[in-house]
Every structure is written in C-alpha cells, then in structure tokens.
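For clarity, chains are labelled A, B, C, D, E and F in written order, and residue numbers in each chain start from 1.
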Amino acid sequence: MGIDALLIPAILFFILGVIAKFVDSDLKFPDGMSKGISIYLLMAIGLKGGAELGKADLGIAVQSIFWAIVLGFVLPIIGYWILRFRNKIDSMNAAAISAHYGSVSAGTFLTAIAFLEASKIEFETYPIIMMVMMESPAIIIGLVLAALARKRLQASGEMKTQQAPETEWGPLLKEAFTNGSVLVLLGAMFIGAVVPPENMATLYPFTKEIFMGVLCLFLLEMGIVGAQRLDAFKKGGGAYLIAFGIIMPIIGGTIGVVVAVSFLGFTAGGALLVAILSASASYIAVPPVMRYGVPEANPSYYLALSLGVTFPFNVVIGIPLFYNMAIYYQGLVA
Amino acid sequence: MSVKGCTAKQVQIIADSGLEPRIIKRLNKVGIANYTVFDARGEGDSGWHSGQMDGDSEVLILLLLEEGQMDSLKDVCKHYLSRGHHLTVFVSNVEMISLSCM
Amino acid sequence: MGIDALLIPAILFFILGVIAKFVDSDLKFPDGMSKGISIYLLMAIGLKGGAELGKADLGIAVQSIFWAIVLGFVLPIIGYWILRFRNKIDSMNAAAISAHYGSVSAGTFLTAIAFLEASKIEFETYPIIMMVMMESPAIIIGLVLAALARKRLQASGEMKTQQAPETEWGPLLKEAFTNGSVLVLLGAMFIGAVVPPENMATLYPFTKEIFMGVLCLFLLEMGIVGAQRLDAFKKGGGAYLIAFGIIMPIIGGTIGVVVAVSFLGFTAGGALLVAILSASASYIAVPPVMRYGVPEANPSYYLALSLGVTFPFNVVIGIPLFYNMAIYYQGLVA
Amino acid sequence: MSVKGCTAKQVQIIADSGLEPRIIKRLNKVGIANYTVFDARGEGDSGWHSGQMDGDSEVLILLLLEEGQMDSLKDVCKHYLSRGHHLTVFVSNVEMISLSCM
Amino acid sequence: MGIDALLIPAILFFILGVIAKFVDSDLKFPDGMSKGISIYLLMAIGLKGGAELGKADLGIAVQSIFWAIVLGFVLPIIGYWILRFRNKIDSMNAAAISAHYGSVSAGTFLTAIAFLEASKIEFETYPIIMMVMMESPAIIIGLVLAALARKRLQASGEMKTQQAPETEWGPLLKEAFTNGSVLVLLGAMFIGAVVPPENMATLYPFTKEIFMGVLCLFLLEMGIVGAQRLDAFKKGGGAYLIAFGIIMPIIGGTIGVVVAVSFLGFTAGGALLVAILSASASYIAVPPVMRYGVPEANPSYYLALSLGVTFPFNVVIGIPLFYNMAIYYQGLVA
Amino acid sequence: MSVKGCTAKQVQIIADSGLEPRIIKRLNKVGIANYTVFDARGEGDSGWHSGQMDGDSEVLILLLLEEGQMDSLKDVCKHYLSRGHHLTVFVSNVEMISLSCM
C-alpha cells in the first residue's frame, strides 16, 4: 500500500515539484495559475458534493456537520496547547498557527480522493460537506486565542496597550464566513444540489473528467511552493515547529479516524477523508485572516508549516497511514 | 481629486494584498480618492511573500498627493502601523507634467 | 420558465459572483484569467459558427448579415436619442454609451445558448454570424455621433477648438475591424468552415465538451466584476443611466424579436439569440475604442452600465423574457 | 539609446493600457527608444481601472531620460493630454549606477 | 499535401496569430497564459512518451537516445560554422544562436504530431524520448563555443580580460539539465512509465482529449509572438540572419530524415518527427541559459530567429516538406 | 533588516527575470535581505523583453537601503555589470513613514 500510494500520478507530480525545487530548477508557474486552478478545484468539488447531497441521508448529514464543527473548534485548541507547551512558541504565533490546523487543505483532501479512486476504494461523500463546515470555526478560535493572549500580555505589561490591536470582531467574523474559498465551495455545493441532474451533466466534462489531470498540475505547483517554504526554517531554529508540523497531523488524523468510524460509522474510505480533514492545515482561507487579525504573528511560520511540512507529510505519508489506521481501528472496534 | 499643483509628493506603500481594499477604503474616507496599484512579491522582516497564492501576495500602492494631504496620509498609516501591520511607506518629491504645468 | 431559467448552472454561477461582491467577499480571480477565458470562449463559439456555416443556406446567411448590420447601425442611434432626451446626458457620454449598445456581449449570448441547450430548445445558428457582424457598425456610429457632437460644441463655443481631439478616422476604423475579439471570432469561424469535419473532431473535447463548465467559471467572474461596477453610480446620481441600462435592452430585445421572426423567419430559439444580440452591450471590444476615440466620455459610465446593469439584467431577466416574447409574437403574427 | 550620464530624469507615465503601444510608437519617433512597462490598476478622475479586463487595465511606463530629452517627452505628453486623454505623468531625479558611474 | 497541411486547425490558428500581428490587432494573451499552456503541453507529451516507453524496444530506444545526443552536439557546430562564414556574425552571437538550433522547439514538434494525426499517418514514439535528450547537449556546446571565442578574443586583445565573464561552468551545466522544461518532460515521462495504465487513464481526458484544442490556442499565441519578433530585424540588416533561420532548419531537417531512416529505421512519420527535432530551434529552455551564460550576445537575434523565422517556417513549410522528403528518401534507399 | 532611519536610498534594479534569484542570493550574502519585486517588460539596447515567455521577461527589484549599504549594493551591481549583464540601476532619496518617523 505504501509504495502503491506513491504510484498515484497526483502524488508523483507533487514529488516532481519538490524535486524541482531541490535541484534548484527554474521551473515556475505563472503568477495567477495556482490561484485560478484553486478556484476550479473548489468549484468542481463543491458541485460534486452538492450533487451527492441530494441523495444524502439527512440524519448522517446533520451528524457530519456537527462533528465537523466540533473538530474545527477542538483541533486548534489542541494545537495551541502543544505549541505553548513549556512556552516553546509565543502565544500570538501559537494562536495563528493552530487556527490553520483546525481548518482544512482542499488540495490534500482532493489528493486523498484521488488515492481512493485510484485504489478503487469506496468512500462516503459527507466529508465534502464537512470540509465546508470546518473552515470557519478554526478561524474564530484562532482569533479568540489571540485576543485572550493579548489581554494576558497587556495585563502582564509585556505588550503596551497602545500597541495592541483591538480585534475588529465584526469584519473578521464576517471574513471567516465569506472568504473566497468558503463561498465558492458553498455556492457550488448549493448549485450542485438544486440543479436537475440533466442540466448538471453538461458540466461534467469540465468538472469531473479533466479533474484528475488538473489536480496533477496543481500538485506539481504545490510541490514547488511547499519546498520553497522550507527555506523559512533556515533562519530560525525551527526544530520544534517542524516536529509540530508532523505530530499535529498525526494527532488530528487519529482523532479523525475515531470520529469517522465510531461516531459517524463511515467505511475506511470515508474515515480517511475525515482523518485528512482533521490532519491537514489550511493555506488558502486562513492565512489572509490571520495576517490581518493577528498581525503580531509571523506569517513565515504558518505558511512554512502548512505548505512546507504538513502538506507534504499528509500527501506522501499521511494518506496511506490514515487509511491503514482506519482499517486497523475498524477491526479493533468491530 | 487629482493633483492640482505642479509638484507633488509621491507616496509608495508596500503592504500585504489583503490590506489593499482596507487601506483604499480608509484613504477614501480622508479624501484621498486617486491611487494606482501594482502587484508585487518580496521579503521583509515578516517573511517572504511569494506572490503565488492569495494569502501570500503583496501590492505597492502609489499615491500622488498635495503637500496638504500628507497629514491625512500619515493618520491612515499610523492606524495600521500602530496595530502591528507591516506597511513599508516612503515618500519623495516629483514634478508633474500636465497641460497646465508645461 | 422564469424560475427554471435560474436553475441553469451558468446563471447560478453568475448570481454567486454577484453575491460574493455583495457580502464583500475577498473572492478574486487572478488578473489574466477572464482575459484568457474570453479568448477561449470566442474561439469555441467561432469554430461552432464556422462549422454550421458550411451547412448554411446562403440566402438566409446573407439576410442575417444584412439585418445584423442594420441593427448595429440603428440601435446606437436609438440609444443616443434616448440618452440625449431633455439633455439628460451630455453628448460625448451619450455617443460613447450608445456605441456599446449597438455592439454585443459574447458572454450574454453564450448564456442564452446555455439556456436554450439546458431547456432543449432548438435554435438557428445564423445569429453566430450576426454576432461577428454587429461589432463594427456600432463602433463607427459611436465615433460619428461623437465627431458630430464635437463639431456642434465647437460651433457653439462650448468646446475650445484646440481642446477638441480630431477623430483619427484611419486608425479608429481599422480598430473597429481588427480588434482582438472580432479577429478571433472571424478567424475561428473561417477555420471552422474550411477544415474538414474529421480534422475538426479532435478539437471538440476542448471547444465543445468542456465549454459549459468554462462558461460557468467565466460567469462567476462576471458576476463579481459586474457587481463591483455598480459602485460607480454611488458617486453621481445615476438614476437616469441605470434606467437606461434596463430600458435600452428591453427596446433592443423587442426589435431583435421582431427582426428575427418577421424578417428572418427564425424559431423562438433563434429569435431569442437575435434579441440578446440586440439587447446586450459590449464590454470587451468597444470600451478600448471609445476610450481612445472619445476620451471626453467617462469610462465609468459605460463600463458600469454594460457590466453592472445590462449584463445582469439580460442574464437573469432578459433571456427568459425575450424567449417568451418571441413565442408570444410568433403566435401573434402566425 | 541608454542614459549616458550619471544622473537622469525618471519619468513615470500612468495611462490606459490601450494607449501603451501608441505612446511607445510616438516616443520612438522622437528618439526615446528604451522604456520599461508595468501592469497596473487604479482609480482617478476618469473612474476605476479594475485591471480585470482588456479595456479596463492601465500601465505605468517608466523612462530614464537625459535632461535634453525632456522636451521631446513633453511634446509627446502634450499630444495626448491636449486631446483629452488621461495621462498621469511625473518626474524625479535619479542617480545611475553603472560601470562608468561607480 | 502542401495545401492539405494548411487545413490542419493548429496550423491555421498559428497563421491567424500571424495575421493578427500584421493587421496590428490589439489581440493579446494575458501574461501568464502561454507560460501556463507550455507547462501543460510538456506534461501531456511527457506522459504520452512515458506510457509508450513501457512498450518500447530497448535496443531502438537506446539507439534513439544515442542519435539524439549526437544531433544535439553536431547541429550547433554546423550552425556556428555557417554563422561565422566569412565572419558574417560575431562569434558570441554565433555561439548563442547555434545553441538554440541544436536544441528543440516542443511547440513545433507537437504541431508535427498534430499534422501526422490529422493525416492519419503512423509514427514511432521514440522521438519523444529524443526530444528530452536533445535539450542539454546543445546548451553545453553553445557555452563551450562561447568560452573558446572569448579566449580567442582575449588573446587577440579584442576583449579586455576584466570585461570577460568567466563561464560559471558549475551552475550553467546544472541549468542545462535542470531547467524547467527538461524537468517537466523527464518527470512526466517517468510518471507515464511507472504508473499502471489503469491509474493513468483518469488523466487522459485532460492530457489527451483536450490536447489538440489547447495546442490550437497555444499556436494562436505563438503566431502573434513570432510575428512581433520580426520587428527586431527592422533595426539592423538581418538579411543574413533571416536566411540562416530558413537554411539551418532545411539542413537540420535533412540530416534528421537521414538519421531517422538510415540509422534508426523509422517510417516516414517517425522520420518527420526526428527531422523536426533537428530543424526546430528552442525558444523556452535555451534563451534563459544563453542570456546568463553568454551575456555578450544580443537576445533579440536569437529570439527573433527561433520565434520569428524558424518556428513559422517549420510549422507552415517544414512539416509537409520534411514529410515528403522522408518518403522520397525512403524510396531512394529502399 | 528593515531601514532604521527616517531617510533611505531607494534603489531600483531592472534586470532579466532569470537574474532575479541570482541577484537576490548575492544581495543576501552582503546583508541586504529585504526587497520587493515587480514583473515588467521593456526595451533596451539589448532588445525587447515581451514579458510573454519565461526567457523573455524582466523584473524591477526595489530596495530601500541605508546610506551605509550602498557600497555593498555597488559591489553586487559591479559583479554583474562587469560580466556583461544588462542591469539598469538607479537611485533616489526617500523619506520613510514609520511609527518612529512620524
């Protein structure tokens, strides 16, 4: 399974991108390309999720959403707690980083789907709904953690009151719910759910058939971008952070497997997807909000972690790992 | 309102692209309505903006201002700088070439 | 039919874009993306039109072209006359704006085709040829109206002779015929007509199958761009202009229906397409020419009108309206 | 011809992107052959250039000129400005760093 | 055959692009578009080559690679010799230009494949492997020729030692092997070879089915870009260079036909592809290396030649010419 | 390190985009870590950079330097210029707007 997983084109293209960076190749995507492909991928996955939603069991759907929100709130708190352990990472950076881990990476999620489809493994589609639901809670928790930390720092005199940005709750909360990727996902899901299947079918050549190919191109770019990000650790002793970027997805993925199997009754395929939602860290929706809402944190850290460490870890190791974990855990609880 | 005189202050603001609409709204409120924006990438004390993704791009906002608008501008900058946002702002003097200044 | 029309994915994605802007989302397409998609759409529709041209009845084709040119000349004159009514809009802006309404919006036209295909309604393909023919006359009329107005203003002393730009007829006329969108449309149409069908077929997965999906992506972007444009009216009392942006397409569409049914003998499907050609306002080919040829006019006005008012009106209301109008009128004259 | 001296006039022209080829052709005719262009978006008295579509983008043309070329430049600007085109043009002094100026 | 070749959509779109430039149209692709499409084309052709490699005869594959390397070394030397004939072109420009002709143009190669597929002519796929192999040797030879010329100029006192850039062999050689297009081609080829066919199939709608359509869009852009490049010759008497841009591909193509038929035993289809590899000049991989490695040369010359002269020549005349040459030569040696 | 003082040298370097990573690496070595980059196209004595393809684009690198960093900068420029590379480099004075300079 381990080696098999690596023979999935999407993952190989990701590795190609990483290699390109390590041999210091001049391979570079034009500026707008990955932004454009991201919108396409979100649109495609949203439409797919919406179409499935029509056939969904309302009970399980509601439970999935419930657990998605729980994960979105709980994971960043766990992350924060680990980062703050023995004061390793200052509280503002810890708040900003952990928000990323409560949210999700659509790219990783789609790679997991590619893995399941290539391996002809069945999976539930409720995780697509869960993905939409997990973007916002983590953002809110991240902002709350930062606001609390700021209060503490002010009280202790470490931060001057004048310096301290008041959290502009209104605009930031709004942003948690209206940022581009949430909107495209939600909108496409709604469209996928209300449009009659015959009308939908004309979109499939674009949204389904060429999907895997486009994903490969995207992962090639993500490989380059992710590997580039690692440079950020050269400057400061990032050992603790790098360890976090590997341990946190393992914890998240494990929790995801348990939730999916024990509480939602998913198959191993569906459990992998929930695990990946939990294990992955956002690199599109959350960074802009944290930049604005927690300007004290260093964006290099959270971008390097989510793109340079956790993304590659999940794509190359996490996906087969969590799938095997799900099978093992299913055996355990059965 | 465009620059009226034949000299102006050329103000350049480098900021995260997420700040662009916010800064422009705030400039508008203090009466600075005209601006030009360029996409950019770069590196500073707050790390590297690769320009490859939405949360990772920056912009340069160019403003031609009359001397009298500089205080308003500084207020806007102070608003962001005092909240910990990373703005790199610098100013120089330019001569305008327009029908009335030739 | 009204609600049904709204269940066409392309239109729903347009509405999603409008919503994105109204909730002030940060959703943004990379800079080159809509330019690139525009070229693709023009290429695809041109090839389709060209392939049909081979099978076309020469008589009807010639008549269609004749009527396209007539519409291209007459519509801007009607528009100008309405805008100048009681001197509401100054003559330079009136000239520039009305040129846009004599020309066409390929995006609206393609949405109308999506509507017909989703509703399984037959339609003639002559309107594709008409679309190419309607770009240039309106530009010429717009420039002529501006030149006449300029003469009048100079005669009355309202404009200094020195100030007044002489219309550079040569380059501007050339531009009316060689602007990018006319060229891609004409070129693709020619290629579609001369290449043997077997050779054409290899292009269909790109130009036909993924077409509807790409159109959805395009309309999502157009929704954002259109809604953004409305801000232009916040500054000056645009009530009269906004009213024009709705009344003019209704007049144009009605004329289009009459021409299509009474003079060209088209079905309701084909009549909808002619109506949309007449009702829609250019936002790609005409603005650059007017910027250069009528610099006295304010680009905010014509872009806000064609993108912010008329495009949404046609996509959401105009398409079902004109289709029903065509059916009603056919009953009337039958 | 590149700048020969060790100081130069840095001229910046903001214009609708449709004017770019025209301005450059005209600059060429008056002997100004070297230039650099940046894509831009922005807002001015003539409304907003979103940069999203072809008819709705603008550019900044950067020229390094010798003092003696400024008259030619002004002629080109006058040509457009007097016809009602929206050019925003401004000038400052710069020092060149080149092998002969170090 | 001649006229038939022109009825292939890809070639017609190229001509449309050339026309657009000559009527001075404002048609322009957004900045990143052709860069993005290039990556797509290299990925698609690499995957195709890799998939074929699995079925390849190892003996012929090795021979193909051998001959590719020979051509990559020999062609630039021939080119250099012609350019230096009677001292027509100075040695630094000659070195830089000839490196382009030893390397290959993927766009021309793909157009040749489009020609063969449209004409239903069989062809060997070994040339795809050859393409990858031909990028690097030419770059090395170009740098060596420049270094030798520099030594000669220094010895003769025409170039001051201080002025003369030492060739940074390390980084430049690395670049010859790690530049973006080599890497994407090699990587995709590897992926195409190792991924089991079932897993590959999900990529085909993207990499195979829409391929021809994307190629048309690319060639439209290349037509514009190529024609624009011709302006470079307006400034200096480029007659000798323009002649070179036509004679060199004829020489290269002829050598390619001989190698393919006599040494590799290819059919006329395969021979056309080898001829095109030999006849075409790089415009993606080589220019950046020459800019950096031979800064004394004028980039206008090599870009104008490869994009403005040789690319159009090959696409419009070279492809049918070399195909007929291959058939004729096969008759001769049979 | 960001500019500390309230005035700075604004250095602009126009170069082939292939030189961008090389120049930045070399600037880093001499202690110039902060920079901003813009994509550009243009024409010079070495021909036309259309900006349409990878080997045919250029960039403007903007540096805000302290007076004391100018020698390091000049060394980096000399390295490239003396090897025949086409760098167009020019400098002007700017005032910084920052919390400590207002």
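Everything that follows uses one rule, which is that contacts are C-beta pairs under 8 Å (C-beta built on N, C-alpha and C of every residue); 3 or more make two chains touch, one makes a residue touch a chain.
None of the values given here were measured: they were computed from a predicted structure.
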Note = Co-neighbours of subunit C and subunit D resolve to B, E
Request  = Specify the chain most distant from subunit F by Cα centroid.
outcome  = C
Message = With contacts counted as defined, which of the two, D-E or B-D, has more C-beta pairs across the interface?
response = B-D
Remark   = So the chain most remote from subunit B by C-alpha centre is E
Message = Taking the mean of the C-alpha atoms as each chain's centre, how many Å separate subunit D from subunit F?
response = 20
Message = Rounded to a whole Å, what is the gap between the Cα centroids of subunit A and subunit B?
response = 33
Ask   = What is the distance in Å between the mean C-alpha positions of subunit B and subunit C?
value = 36
Ask   = Distance-wise, how many Å sit between the C-alpha centres of subunit A and subunit C, to the nearest whole number?
value = 41
Task = Could you list which residues of subunit B touch at least two other chains?
result = 18, 38-39, 51, 54, 82, 92
In subunit A, residues with contacts to at least two other chains = 26, 28-33, 35, 180, 205, 209-210, 288
Query = Touching pairs of chains, which are they?
reply = A-B, A-C, A-E, A-F, B-C, B-D, B-F, C-D, C-E, D-E, D-F, E-F
Inquiry  = Please output the residues of subunit E touching subunit C within their complex, sorted ascending.
reply    = 7-9, 12-13, 16, 19-20, 23-33, 114, 117-118, 205, 209-214, 216-217, 220
Remark   = The residues of subunit B that touch subunit C in their complex are 18, 21, 39, 54
Inquiry  = Give the list of subunit B residues in touch with subunit F in this complex.
reply    = 11-12, 14, 38-45, 51, 58, 60, 73-74, 77-78, 81-82, 88-92
Inquiry  = Please output the residues of subunit E touching subunit F within their complex, sorted ascending.
reply    = 29, 31, 34-35, 38, 162-163, 165, 180, 221, 225, 228, 231-232, 283-284, 286-288, 291-292, 295-296, 298-301, 303
Note = Within their complex, subunit E touches subunit D through residues 26, 28, 31
